[in-house]
């Protein structure tokens, strides 16, 4: 079985290194084919690993001793257990599909080979993150995916906005990673090891205050990676990257790493319910907060990005409340339908010449029916309507919130669900139905390549039926994760489900009705609330004035006063001395090889004399 | 007895040959003398029970390296004496003698301090070649492979550096001229 | 009786001959020849030490030196021929383009 | 005319041009040709032929100083001057035609009118150092006086012996012994010519 | 005392071997002329002595008494020494070759090998590679373009085919596990079925081809190819200096014949009723006959064809052979 583990882990690396050879060359379909093949190989290996894990077998390998210095001993090991294998299958499946999809999407891009290098490198980093058996390996993968995310957001680096967005994502993640790094140091200080097994085995004997601190610090890291408030701004800007990247990294896999971290460290978090409560509260807040921003946005990809944020909030609620397997389940279903949604958006962009404003679309259904159907399926799944995948996972989260007695959280999530339904169908209605605005603007949309649609089909099917695997999934994951018991009665549960479902369906119908008749009037755009939402609660502006400006002034001061006056002066002085010496010794460099050889022999003689006459002891 | 005679004979021959190499004005003399010196050096290796090394010295140094030098010399006019303006002769000889003396001191230092120990002692009754093979393919396997790669790289670079239309055979030239 | 000292002195003498060659000659080809002398001098030293200490590492190093010499010839001679084609001379004094 | 043009000239349809096998251009094709030739055994045909000849031992060497080949009547070697059968006088009437026709200007003759007012050859020489043995002199001679003999070994210590009339003229003693043979004339066939002609294959 | 006896024995053996090989080389020239003549329906030399047998002596006298011409612009010492190198290295090579099984004379056992060093085969190859210096230095020192071309051809041809012969012989060495020719001979004791040629046919063919090239025999005698470069490196040579080259070439031919016989054709072991020594003689003679036969039958190749065959056909084949041998052995 170890064989499969190594194949699953290193196949993407091989693909990445292979296509790396071609990055400087012209478009070469071979790179895409090879990377796709290797990712599929990785997926198949993951599936076989899942089968092995299913038959109660946990694969734990120690590949090598990575660092062994003094007391510090960091073995580099990988573990495939019930949690990580779910992530592995999800990651490799979505990435394989995205990779194949990109063969169509990136067809005419000049960075074709580079793109596949990055994607495969990302998958490799993500697998390290997921499969590592210690916090350091996780952190390495964590930073690796951050790097790949940076590279892919700034993929079209000649665009200012893209490179700015890449930098923003990178820097914001580093800020959050600082928290995580401190958490890791604290762990090592307390436990003397980074390995999950060791840490969780000894966690009982640690001061609860320290555990709380560790939990909070780790959560800060998770916040950064999962773009929770207040680190949320980078995710929306990250939409500058190619759409397959948004689908893979910024919807399905990387941003869920934060949730994965919480689930991984569930043994730690379940000891400190206060921290869990904080997480849940923040998650609930973000769920509503992000959804509200999605309500009014006109950018196709940003709407979906905010939706992602909101769904991540749901996951954090579940994770915070201790319903880890539910969080993981939602993570998985979300990966399916959200990547489908993004890839559908990619098809639309492809058809509309990279136009993102949904006001300029409308009535695209006739032009691209298959994409429309797939996106509708994904939207329904996102809204959580029976029997689509989202219904099962999301409803479970709402139930969990209600169960814990956190009614305000439940209420927030309830409202969030309504908002989700609204913005999803606003998107569908404005893009695919209504007036054909694009005709006035001179677009000629068309359906994309058939093989691209075929690759989307698995995602569509999974978005539809994944929910029915709820019980096997629960059985599978709770072998490792703690069980979550609902304490309320069956009637209450049915009532809750009925309430939520009715509410959501009503909102959907209302939205369809409203936008079917032309949508809201222009007047609504002057409302203060609309302006507030439109400007994303002015948070980017606040960041700019509160953080960027003072930091700029400080940096300028450091540059003008400290750097130029003191450091540069010292450096220049050394350089001047060297330069003068060089001027003097220039005569030695006559450029004649013979003279140089003579000097070389002089050096040899001096060294030999030193070797003979110099005795260190004397 | 024979060893002593052989040692002094070979020493005189080698030193003489190498002096010719260094002081001769004609490149052809130098080349021939160097090739001769190489062969005589292999005599030392036979004296030192390093049969394999001796034969390798002849085959590689004399048979390949010097032959390649000779082949290279065919590009130049070798029969002509080369005029060289040599400056600071005293410095040259001073430096050489100094370095030789120091070098001998350094080489002799461990002999007199007697500190070196055999890492891979040769086993009685096992032939020189077998021993070399054993060591070369166990302890020194990686350097051996590296040397192989280095030789390959050197060969390719040598070909690339010197080649001019090497891929054209007379047939190609005929085709290019339209005779075929 | 020939001792290790004999061989080492011989090796030193040959090495100094090589150094004289390196320093004295202005012909690039001669420079290569002198380098070969240096390498051979060292080879003798290695082989002698190997014999008198019963340790085969010295011989192994001699092999590697021979391999290095072979690759040096391939590259060096290629460069030399290239230089001769460009400048028509192999005099060292013609190589003065890097004057400081 | 270039070679190409020569090949494309208008020739009768009976000719067959043999193109040979196409020349290989790539290394792979050359390798294929190499291996097919090596495997086919074409190489060994040559070996077999020379071995067969050695075993047959069918030697064609003429060991020259000991054996000599018989020259045909048409062979043009050193000239001969013949005598009249009736009187034993020289046949030459000094007409000078041979001197005129000689393309390498090697025949020299001097004549005078004798007391019987007949032309008399006083001096006759052929410079064999220059003669190219074209046979014109013998062809033009009206009296069949100068003919080609069959003695092809004419090495000598001095040049003077390359042109003396006495050496060419049939010696009197030989003439008296009736050993002078009449020259059968140009284009004459040898007695066994018929046999040789029949031996020559028709397709040749 | 034993040491002295050894030295005396060695010197005697060396002298005998030298004389015999030189004599055989000279005789081979006569045989060559005869056989070539027979194959071309000629008689060959017939006049000097019975059936021309004394032609050898006549040629020898001619070579020794001819004027020793040293042209004006040659580099004299090297020009003089080059033929000596050519023949001397050929004779040095025979030092490590065993010719016959050991035999006893007057109670004294004699090994018919001058020096049984344990790297015998390598030593022979080394001597052969030194032999390259004869043509090479001759070509370089002659101050003649044909000579220079001949020297250049000598270097590329001998160097290239040394690679092929070395690689092709590696496979038998791997099977036998020794570089000593005596071990190789002993490996094949027990009749024709044990000959190495049946186990290593490809190596045999490759080594034979390389042998033709290394001894500069006909299909590959480009070094002194009359039609292209007059007489190659030997253009400026005459008299005995040229004769030394000639003797060297024939000595090389004999060495290669003996090597092939020992390595692939069973060596000096008895076959059926034939004693080993006579079997060896027969094999060597047949092999020399093959050299002559090929010269009578086959034309030259072009230099580029030669290199093509060497590097693109023979060398890969030799490598594959080594690889297969290694796999089979392991």
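In this document, chain identifiers A, B, C, D and E correspond to the written order of the chains, with residue numbering beginning at 1 in each.
One rule holds for everything that comes next: a residue touches a chain if its C-beta (ideal position, glycine included) is under 8 Å from a C-beta of that chain, and two chains touch if they have at least 3 such contacts.
Since the model is a prediction, treat every value here as computed from it, not as a measurement.
Student: By CA centroid distance, what chain is farthest from chain D?
Tutor: Comparing chain centres, A lies farthest from chain D.
Student: Count the C-beta pairs in contact for every pair of chains, then give the pair with the highest total.
Tutor: Ranked by C-beta contact count, first place goes to B-C.
Student: Using mean C-alpha positions as chain centres, tell me how far chain A is from chain E in Å, no decimals.
Tutor: Their C-alpha centroids are separated by 75 Å.
Student: What whole-number Å value describes the gap between the mean CA coordinates of chain A and chain B?
Tutor: Roughly 60 Å separates the two chain centres.
Student: With chain centres defined as C-alpha means, what is the inter-centre distance between chain B and chain D in Å?
Tutor: Chain centroid spacing, chain B to chain D, equals 65 Å.
Student: Between chain B and chain E, what distance separates the C-alpha centroids? Give it in angstrom.
Tutor: Between these chains, centre-to-centre, one finds 26 Å.
Student: Can you pull out the residues of chain E that are in contact with at least two other chains?
Tutor: 308
Student: Counting only residues that touch at least 2 other chains, which ones in chain C make the list?
Tutor: Within chain C, the residues that touch at least two other chains are 19, 23, 26, 93.
Student: Show me the residue ranges of chain A that touch chain C in the complex, using the header's touch definition.
Tutor: Going through chain A, the ones touching chain C are 586, 588-594, 597-598, 601.
Student: What residues on chain C touch chain B, complex-wise?
Tutor: Touch residues, chain C against chain B: 1-2, 4-21, 23-27, 29-30, 32-34, 36-37, 40, 43-45, 47-51, 53-57, 59-60, 62-64, 66-75, 77-82, 84, 90-91, 93.
Student: Chain E touches which residues of chain B in the complex?
Tutor: Residues 2, 26, 28-29, 31-32, 35, 39, 42, 51-52, 55-56, 58-59, 62-64, 67-68, 70-71, 73-74, 78-79, 127-129, 169-170 of chain B touch chain E in their complex.
Student: So in the complex, which bits of chain B are touching chain C?
Tutor: Where chain B meets chain C, its residues are 3-4, 7, 11, 14-15, 18-19, 21-22, 27, 30-31, 34, 37-38, 41, 44-45, 47-50, 52-53, 56-57, 60-61, 64-65, 68-69, 72-73, 75-76, 82, 84-86, 89, 92-93, 95-97, 99-101, 103-104, 107-108, 111, 116-122, 131-132, 135-136, 140, 143, 147, 150-151, 153-155, 157-162.
Student: In the complex, go through chain D and note every residue touching chain E.
Tutor: 27, 30-31, 34, 43, 46-47, 49-51, 53-54, 57-61, 63
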